[in-house]
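Each of the two complexes below includes chain A, the first together with chain B, the second together with chain C.
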Partner chain A sequence: MSSVLQLLASGLATGAIYALIAVGFSLLWQTSQTINFAQGEFVMVPAFFVLVAMNLGLPFPVAALVGIVVAALVLGVLFKHVIVDPMLRHGVLPLVVATIALSLFMREAVKDFYSAQAQPFPSLVADRDITIFGTVFSAQSLTVIAVAVVVVAALHGFLSHTRLGRMMQATAQNPSVARILGIPVERMILYTFLINAVLCAVASILISPIYLAKFTNGETLGLAAFVAAVIGGFNQARGAMLGGVLLGVLDNLCAAYVSAQYRAAVPLLLLVVIILFRPQGILGRAEERTV
Partner chain B sequence: MSTPRILAWVAAAIAVAALLYAPMVLRSYGVYLLALWAVTTIAALGLNLTLGYAGQISLAQGAFVGLGAYFTALTTNAGLPYPLAFLGAGALTFAVGWCLGYPALRVQHHFLAFVTLAFTTLVFLLLRNEQWLTNGIYGINDIRRPTILGVATGRNVSFYYFALVMLALFTFVQWWILRSPWGRAFVALRENPLRAASLGVDVRRYTLMAFAIGSSFGGFAGALYAPLVQFIEPNSFQLTYSLKLLLMVLVGGAGHFMGPFFGAMIDLLLPEWLRFTQGYYLLIYAAMVVVLMIFCPKGIVGGFVILRDRLFKPAPVRRPDQPAGGTAAKPSA
Partner chain C sequence: MMHTLRLRALSRRTALGALVAAAGLLALPGLSTGARAADDVFIPNIVELSGAGAVSGTNWRDGIILAVEELNAKGGILGKKLNVPHLDTQSDASIARAQVQKVMDDKPYVILGPVFSGSVLVTMTQAQQNEIPEIVGGEAAAITQKGNPFVFRTSFGQQASMPKIANYIRDGLKAKSVAVLWVNNDFGKGGRDNFMKEMQARDIKVVADVSTESGQVDFAADVVKLKNANADAVFVYTNEEESARFLKEARKQSLKGAMIGETTLLSQKVIELAGDAANGVKGHVGLSADAPVASLNEFGQKFKKRFNYANDHNAIKGYTAIYMIKAVTEKIGKFDSQAFAKALHGMTITPDKEPGILMEATWDQNGDIDRASFLGEVVNGQQKIVEVLPKIGK
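Entry: the complex of A and B
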């Protein structure tokens, strides 16, 4: 029983990180129809921003903040203005190609200009075990869950209880009507990109102590974000959260009980089943299709 | 014939002559690369049919190349004659592609991309984990090169000419499909499925057909890939490979007949030309693709078309009932 609880806790920790990435992913999709194939790299890179800042002599907490700010500027503002804006009016496909190429670019840039080796990354708390009701949990997993919950709760509060957040939601739901109502749609889309970049940076800081910072980290993370977003519901931030958590738990349980070799297959099979029988995702609304 | 059309024929003739003459001046590795280009182009042609003409996005073409390659390697090593293995690879991928087409009937655009993406990863896991059949991560060694019509293709030069003949054959097949009623039906599907259906096009059948034919091109390419490279392993057919093929088609120009030729050439040969930059060639390649997509989102051939229209058509003639563009895959709204 306690081993199940342990698996559940570490699954929740992984899932919470997936959820952060998937929420950003689905936010981008909702407001600007951007399928970001570089989302995994968006999580891989901020860890290196932090490492560079630390190499310049900054203490970890400051470096982490610097990393988040730089991520917001580069992966948020710069990404939107340089890559997404010129391409969006040509449809989804050129942007898909551009983000695939961008992911390759980021991976290679980190490899060539920082290091091809996995880098140790400071963790938020000292790694020790905490015993609750006879079950041993790692402090790191619990911290990850706590931070992710706080971030997601803050985001949820922002989106549904502030004026700005509601304007952003309106933009996501119907840009034309939002524009008629006087919402500066362009700026709202920019904020979405900023939020996505910050979510990715937070996920990066949470996951790097566990997996080490390495240039190839993005591959699996990006895939996890897609799967989580689609499972939960592409057009709902709540859905992406659920999808992420579900995926993390499922992944850990499958590795332990089904087959370590085929653990990667289970989420994908789930993905196919969900797409075929409930394309809008578990929590999603049915999207109106033009045809 | 109009001037641009004559120019295009002249360019094609020069290109064919250059391809035939290339082995005289290139070293063995260069010939090998050109053979790889011919094989990859066949796979990209198939994806262009599915994606560029029929408008169904697929991230599974690399998996089909893998299926074809493994089928060929396993059956020829077991003693099956190569031509039969070749046809078998095509038939197998046609059947699997037909089945993968069923999700395309239910979901479109990005969802279809995710289904095919999942398929690619599942195929990779099968190839890696079913060791009794595929030898797992160690891959399959010593794949023999076939003897075609009494000519042994053991040397790179002879295999290159074999691959080139195959490329010509598949180019012809593609051209024939596209000008047949099937090809017209594919384009009609891409442009407006509802209208196509109301005009009597069997949407269901043609969607499956587009998937199956495109996938079988991948399978045939795989059947050529295995004896060319002579060593296959699951890692070669990961998602990255499918993404690369997608990149080739879109960089070349989706929905343009010549697109895959250029796309595959850039993807395979550019790294070689950039070799002097040492470790940075992938970085430069990726940056170039991003820049190309920013300035020329319809790909290289799409860029040519725009250039041609600027040079040879003084005033754009556009009938009001015909919207502009429409050669590349339609965006999903």
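Entry: the complex of A and C
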């Protein structure tokens, strides 16, 4: 029983990180029909922003903040203006291709300008055990879960209970009506890109101490986020959250009790089942579009 | 309309011209694998500079760079300078094979690398077909068991290192049960099979046999399996980055039992990546700059000064590979690939005759190396050598 609980805690920690990435993925889709196939690299790169800041002599907490700010500017503002805006005019497919190209560019750029080797990355908390009801949990896993819960709760509060958040939701639901109502749609979309970049940067700071900072990290994370978003419901942020957590827990349980070799196939199998039997995702809503 | 058509035709011709020019440039042998001078010796290094083997490959390459710089500064070998281009396998056996095929057109004297056993196993047949010696960093036992007279190791094969580890587990740790965690590639599988054989021979029970994937990032489930096995010792046989991730997870979940490894687990890069989680790791070390051997210590200092990081065993392997080439070539007195391979079988190179070899080494008829080695442990983030093990042949 103790092992199952430990696996659940580890799975929840990984799943919480997947959830952060998947929520950003889903938000971008809802507000701007952007399917960002560079999302994994958006999580890989901020770790290197933090490392560069630390190499310049900044302590880790300050470097982490610098990393988040730089990520917001580069992966939020710059990404929207340089890649998304010019490409989206030509439809979703060219943008998808552009983000795939961007992911390759980011991966190779980090490899060439930083290192092809994995880099150590500091943890938010020191490794120690915390015993809850007789089961030993790692402080690091519990911290990851706590940080992810706080970030997601803050995001939910912002979107549901602030005027700005509701304006963003209105933009996501119907940009034309939102524009008629006087909502600055372009600015709302920009805010979504900023939120996505910050979520990716937070995920990066949480995952890099476990995965180590490496240019290839985006491959695994990007796929996990995409699958999580589809499983949970691409058009629902809470669906993406559920998908992420489900994926993290399933991955760990399968690796321990089914097969470590086939663990990578399990999310894809789940994806196929969801597409066949509930294409809108577990919490997603069916959408009709005029073509 | 006419104008547009003419423009299209022109652009197609231009594009075709550009393609032909590009193909022509690529076909030039000098540009494909590094510019060639008429009087240099071509020794290409095909190695893992990205992908899962980047840590090993980068160390191996930098060791080679250091040795080549030293030798070329002194006039090279037999008066000829060494031309050693470094080609990336991306840790992929098929790319390694393609790179070896590419350099064969330029008639290399000797080929260096790869380090990953899987890549060595596919490239060594090409070396044999072309009768070019291949000096490799791979440790899988199978490499020297195929009767290939052109393949030579720079480190112990698993058939030599696993008995040393097994003796240490039985005599040093007095462990009665052991759990094994290994990476599912040619290196890991070969190591695991040899380790199992040695455990059986010593009547030590293997209570868990956990395979992991190359490049794996999440070891939570594997550590839970090892915890449930409750073994006296855990033998870890994976590549550098995976070893570090595993150690961090093991520390996170407070995995009990002595953590034992073979060279990689105690390497500088693993210690750097795993941080405090590497403390307490013990095992056999084939080569180390921290060993109580003056020549290895001096090499470590030189390497750090040149590259600004602490080397691991792969850097020593790369460095000594170049001096091995020098010693053999000076013995045969010419640049003859076949004569090189013949001469190296059964040859012993000693540091008093060739200081760059760092430690006395002997190559047997299979291309396996025999050399002194060490038992070590990680204490306060530093590798500490606790015992020197003599050459097997002594």
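Methods note: the second predicted complex is superposed on the first by the 289 of 291 C-alpha atoms of A that agree within 3 Å, B and C clash if a C-alpha of one lies under 4 Å from a C-alpha of the other, contacts with A are read in each partner's own complex, and residues count from 1 in each chain.
Rule of thumb we're sticking to: contacts are C-beta pairs under 8 Å (C-beta built on N, C-alpha and C of every residue); 3 or more make two chains touch, one makes a residue touch a chain.
As the structure is a computational prediction, the values presented were derived from the model and not from experiment.
**Student:** Contacts for A:Leu246 in the overlay, against chain B (first) and chain C (second): which applies, first, second, both or neither?
**Tutor:** neither
**Student:** Looking at A:Gln140, would you say it contacts chain B, chain C, both, or neither? Reply first, second, both or neither.
**Tutor:** Second partner only, chain C.
**Student:** Kindly classify A:Gln261 by the partners it touches after superposition: chain B alone (first), chain C alone (second), both, or neither?
**Tutor:** Both chain B and chain C are touched by A:Gln261.
**Student:** In the superposed arrangement, does chain B or chain C reach more residues of chain A?
**Tutor:** On the superposition, B touches more of the residues of chain A.
**Student:** Have a look at where A:Tyr211 lands relative to chain B and chain C in the superposition and call it first, second, both or neither.
**Tutor:** second
**Student:** Is A:Cys200 touching the first partner chain B, the second partner chain C, both, or neither of them?
**Tutor:** neither
**Student:** By the touch definition at the top of the document, which applies to A:Ala22: first (chain B), second (chain C), both, or neither?
**Tutor:** Touch status of A:Ala22: no partner.
**Student:** Regarding the shared-chain residue A:Val272, is it in contact with chain B (first), chain C (second), both, or neither?
**Tutor:** First partner only.
**Student:** Would you mind listing the overlap between the chain B footprint and the chain C footprint on chain A?
**Tutor:** Residues common to the chain A contacts of chain C and of chain B are 111, 261, 264, listed in rising order.
**Student:** Okay, in this complex, where on chain A does chain B touch?
**Tutor:** It is residues 29, 33, 35, 37, 82-83, 86-87, 90-98, 100-102, 104-105, 108-109, 111-112, 223, 226-227, 230, 234, 261-262, 264-265, 268-269, 271-272, 275-276, 279, 289-291 of chain A that touch chain B.
**Student:** Show which residues of chain A lie in contact with chain C when the two form their complex.
**Tutor:** The contact residues of chain A facing chain C are 3, 6-7, 10-11, 14, 111, 116-120, 127, 129, 136, 138, 140-141, 209-212, 214, 216-217, 220, 251-253, 255-256, 260-261, 263-264.
**Student:** Spell out the part of chain B that touches chain A in their complex, as residue ranges.
**Tutor:** 57, 103, 106-111, 113-115, 117-119, 121-122, 125, 128-129, 192-194, 239, 243, 246-247, 250-251, 254, 279-280, 282-283, 285-287, 289-290, 293-294, 297-298, 328-333
**Student:** Hey, which residues of chain C end up touching chain A in the complex?
**Tutor:** Residues of chain C touching chain A: 49-51, 54-55, 58, 184, 210-213, 215, 217-218, 220-222, 224-225, 227-228, 241, 244-245, 248-249, 251-254, 269, 272-277.
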